[in-house]
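Structures are listed in the sections that come next.
Across the two complexes that follow, chain A remains constant while its partner is chain B and subsequently chain C.
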Partner chain A sequence: MDLLGFARGPALKVALAIFCVGVVWRFVGFALLRLRRDLNKPRVSLLGSWAGGLVTVGSRSWPHPEFIGRTGAGEALGYSYHIGLFIVVLLFEPHIVFLGSLFGFTWPGLPSSLITLISVLTLTLFLAVLFRRVTNPVLRMLSNFDDYFSWFITALVLVTGLAATAHIGAPYEKLLAWHILSVDGLLVWFPFGKLMHAFYIFPSRAVNGALLARKGAVS
Partner chain B sequence: MSDATGAFAADIAPEQAKTPEDRVAGAMRSFAQEVGALSAFRLESCIHCGICADACHFYIATEDPQYTPIWKVEPFKQAYKREASPFAPLYRALGLKRKVTADQLVQWQHLLFDSCNMCGRCSLICPMGIDVAALIEQARHAMFEAGLAPKELYQKAAHQRSTGQPEVSAEPYRAQLLAIGKRFGVEVPLDKPEADVMLCVPRTDIEHYPSAVAALARVMQHLGISSTFRSDGLVAENYGYYAGGQSWQREISLRLIEQAISVKAKTLLVPECGHAYTALRWEAADLYGKPLPFNVRHVTEFLADELQAGRLKLAQAATGKTTFHDPCQLVRKGGVNEAPRALMKALGIDLHEMKNHGGFSFCCGGGGGVLDIERAAPLRYRTMENKLREIDDTGAGTFLTSCSDCRRTFDDAKAHFSWNKTPHSLLELVANNLISAGSRT
Partner chain C sequence: MTQGTSELTVGEMLLKYGISRRSFIKFCTATASAMALPPWMGPAMAEQLRNSPRPSVVYLSFQECTGCAESLTRSFAPTIENLIFNTISLDYNDTLMAAAGEAAESARTKAMQDNFGKYVLVVDGSVPTGAGGAYCAAGGRSAVDILREAAKGAAAIVCVGTCASFGGIPFADPNPTTAWPVSGIISDKPIINVSGCPPMPEVITGTLLQFISTGQVPDLDEHRRPKVFFGNTIHDRCYRRPFYDQGKFAKSFDDEGARNGWCLYELGCKGPTTYNACATIKWNGGTSFPIQSGHGCIGCSEPGFWDKGSFYSALSTAAWGKAGEVAPRQVGKLAAGAAAVGVALGVASAGVSRLRQRPSEPHGNEPKGG
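Presenting the complex of A and B:
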């Protein structure tokens, strides 16, 4: 079996298995902990509470006007590279073919040249994010191995993907193998680190938003 | 000791002495008892974006990264990952998370107490929606069990737990209450066997703002509401809440709960005291172990209801250009946003809101027990400057609030900065502008 066969064969299967089991365990692991009932009389009904939670899912997507002056630029940077990643992962034709083989359906993609441009932009934003993390005193203090490794493995996927599409540095098959191996690595790392926020973000906003709404407080 | 932003040694009372091992064991025991699915989810969700720093007035004033709210729970995040998270065995086996040490806990006393008002502003900015303030409150519980609550809070909580008063007073509060009634010419209902509304009082009002105590009694009398204070459950404040001593918080709350039940009260009325509202309205039932058999209302909520029902009529108050400070525990953490504004509207007040108001208001700087912590004063003053600027920027000549601790904090700032504003009580303004039935204004 050659490297490419290994990358998209057994390595991918193992990585997907670790990803799925890990993600489920990460949820189950804390969901099994005790959940204390709030006995204090709510200000709004249960339905009102959860409506507040749903509103928070949307409203926290962008800072409240009171905060935007201090956080707008940082959040814009964060959202920009996330949007870039989504476009590259979901709208690049070869990715659509691969994802189609997993999900059983496909969707229209964007031209390769546009995807390449977006990839380069996204990679640039990635570098800016790293620069900000190491130069901003707050971010530098909060950062640990998880932050840097999660950045590294995601950036590696982007770099190898760009190299493969641009045929830079090695034969295409070898570059593709390295790209898929980096994706395998990302899938393996995913449940262990902060990449899990992809699954946590909406439930986390909803739960905390519902609890604030229960008190009639702004969220 | 240190300057405003440096590291501090632990500041504890002699009776809090413990070995380092016992400190860690106490903190971890509390942590293990408290960490449930909800707090675990919050700890799991943090992406280290640091955005919460930009909501915290301690960080905004100093730009010191250690005041980043989520950093204030770092030892407990570390303990969670190592001891209770889904991959805890992996963290331990690979040595990825070290054990929390007593030195770490000592270092964090300053971050969890001196530099956090538990105001909850950080909980509104997190893009993951994490209620950081709730985590900080749990961390305070662990610090208390580690014997690391600041001595002022610990001693006041201990005194309140055993005597009902947070500190020794020249005269017992009961006697002071009656003296206030006499001085202001109002009947103070005390120790009635039954009443629809049970009243309690901030010790801050007894000691510093007796006119606010008289105002509460006057408004109740005016409305003809059957109400009473109770000698065995007088004080609204709960220093157990501030100090992080949950069992003490429970005992202190129980004094009021038991008295309210004994007089068959339909409502326990929280006076102008923000954290008393959080402790009684949003935490007491959990500590009591079952829903409370009465409603808990803040006095502004209660009066706004009376206003809406047409039983309370108010004259126009000639306060000129006025601004209002929203106490964090009432508004941001308690949802009491509209009631004070309804009262101010009925009083015909020309309200000029601060740049950050309502749920987004900056804390006065004294909340969370910070006003009581002596060594925290330099940092508190530095933090307050932004708030005072916002108040000044409204151009208002009159400054109102509805929490006596906030009022006390602003009065303290007035003396410290030679500030030209005096914080006034909204309740007192209501009491001074009551319209009697049948009269016309």
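Presenting the complex of A and C:
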């Protein structure tokens, strides 16, 4: 078996299995955690509490007007590269074919040259967020191995994908194999690192919002 | 065959057949052009060939379908007639030669003795080693014995076709005859692989001519194939490549995209991972090649092409099924099994966490997650 066969064969199968086990494990473990009892009198009904949670999901997804001057650029950077990633992952035809082989349905994609352009822009933004992380004293102090490795494995997928598309540095089948292997690596790392925020981000905001709403502090 | 004339130089042979120097230089320039050699190589090749004795070539056929020899006989640049009558002395080829039986075998033996250390050995087909080599024998001798004997005095070995180069279809799983490529048996001679199922005729003759005219093994890639012919992928040179770049893909062999000549990537084309000259030289005198005829490349010039999954599943698809394809149902089963394990682990870890938690702590309502 050659490297490409290994990458899209057994390695992918094992990576997908680990991904599914890990994500479900963390979700179920998270859902079954016992909340400490809150003996305070609720300020709103249960429904109002969860409505507050939904409000928080929305409000925390946008810069607070008062701080927009300080946080707006960072949030714009974050949104931009996330949107870039979504476009590249979901609208590149070979990716659609790959996802279609897993899920059984496909959807229209974008021109490959446009995807290449967006990939380069996204990679540039990736470098910018890394630069910001290492140059901002507060962010640097907050960062640990998890942050840097999650950045690295995601950037690696982008770099290998771009190299494969542009045929840079090695024959296409090797670049494609390394690209798929990097995706396999990302799938394995995903549930156990901060990449899991892709699943946690809205539930955790909702829970925070609901708890705050119960105290009468919807924000 | 051209026995008895191999001691003549190519130039002398040309004079004998009334071919002018000018015509010969034209021929060499056309050949050099077909091989993408520099412009000065045409006259240099002509000069070298004119003064060289016609090299003896011994062509052995083993576990093969004769498709490679069929392909060779359809060469247009140079034609097989030109190659055999003017440039080389093809002293043994059991498909093309008139002689048979002991006469044929003695022709081979004589050519090998007379030109020991100088002849070019062309091998077509894989070499079965199972059952003591009994799966392929000629003149009462196994292919593996004949190959070992012929390789001893060869200046170089040119493996014609994917079977001789990489084992090909006989080598494919489960390889019932324990077949090997030539490189799996011979390790002390220069080996040039001209892969393809079949290989391109111009690539076969061009490789032979380049070796004969320069006396040097051409630049080879990691699979010992001449870079001049195998330096680019089919995808790199495909006339449908612009459609790949535009993201226009045929979804089936008879849809509008296919009729408009869109890229066949999604239909399983292996052009991006296949190195060959089909997209540039093309077949049948430059008429067409498989992709131009509407079918994706099957990657026949690559090692193990028969065992790399379906010809009709795209390169970027998951491939761990038995036939190299993965059905969504299989993925669903995998995900369901993994999710069940995940649920069990989640329940267990939450249980452990609850046991560690002191239930009497009444204060606080810290959120569960970030």
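Assume the second predicted complex is superposed on the first by the 212 of 219 C-alpha atoms of A that agree within 3 Å, B and C clash if a C-alpha of one lies under 4 Å from a C-alpha of the other, contacts with A are read in each partner's own complex, and residues count from 1 in each chain.
To be clear about the criterion, a contact is a pair of C-beta atoms (placed from the backbone, for glycine too) under 8 Å apart; a residue touches a chain by one contact, two chains touch by 3 or more.
Since the model is a prediction, treat every value here as computed from it, not as a measurement.
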Which of chain B and chain C A:2 touches, first, second, both or neither: second
Partner chain in contact with A:138 - chain B first, chain C second, else both or neither: first
First (chain B), second (chain C), both or neither touched by A:17: second
Touching partner for A:70 - first (chain B), second (chain C), both, neither: first
Contacts of A:207 with chain B and chain C, given as first, second, both or neither: both
Touched partner set for A:30, first chain B, second chain C, both or neither: both
Partner chain in contact with A:168 - chain B first, chain C second, else both or neither: neither
Touched partner set for A:217, first chain B, second chain C, both or neither: first
Partner chain in contact with A:78 - chain B first, chain C second, else both or neither: first
Overlapping contact positions on chain A, where the chain C interface meets the chain B interface: 25-26, 28-36, 38-40, 200, 203-204, 207-208, 211
For the chain C and chain A complex, residues of the former touching the latter: 233, 235-236, 244-249, 265-266, 272-273, 275, 303-304, 308-309, 313-320, 325-328, 331, 334-335, 337-339, 341-343, 345-347, 349-351, 353-354, 357, 359, 361-370
Contact set on chain A toward chain B in their complex: 25-26, 28-36, 38-41, 43, 56-57, 60-61, 63-64, 66-67, 70-71, 74-75, 78, 136-147, 192, 194, 196-197, 200-201, 203-209, 211-212, 215-219
Chain B - residues contacting chain A, complex: 35-38, 40-42, 44-45, 47-51, 53-55, 59-60, 63, 65-66, 68, 70-71, 84-87, 90, 96, 123-131, 281-286, 288-292, 295-296, 331-337, 356, 358-360
Residues on chain A engaged by chain C in the complex (per definition of touch): 2, 4-5, 8-10, 12-13, 16-40, 92-95, 97-98, 100-104, 109-115, 167, 171-173, 176, 180, 200, 203-204, 207-208, 211, 214
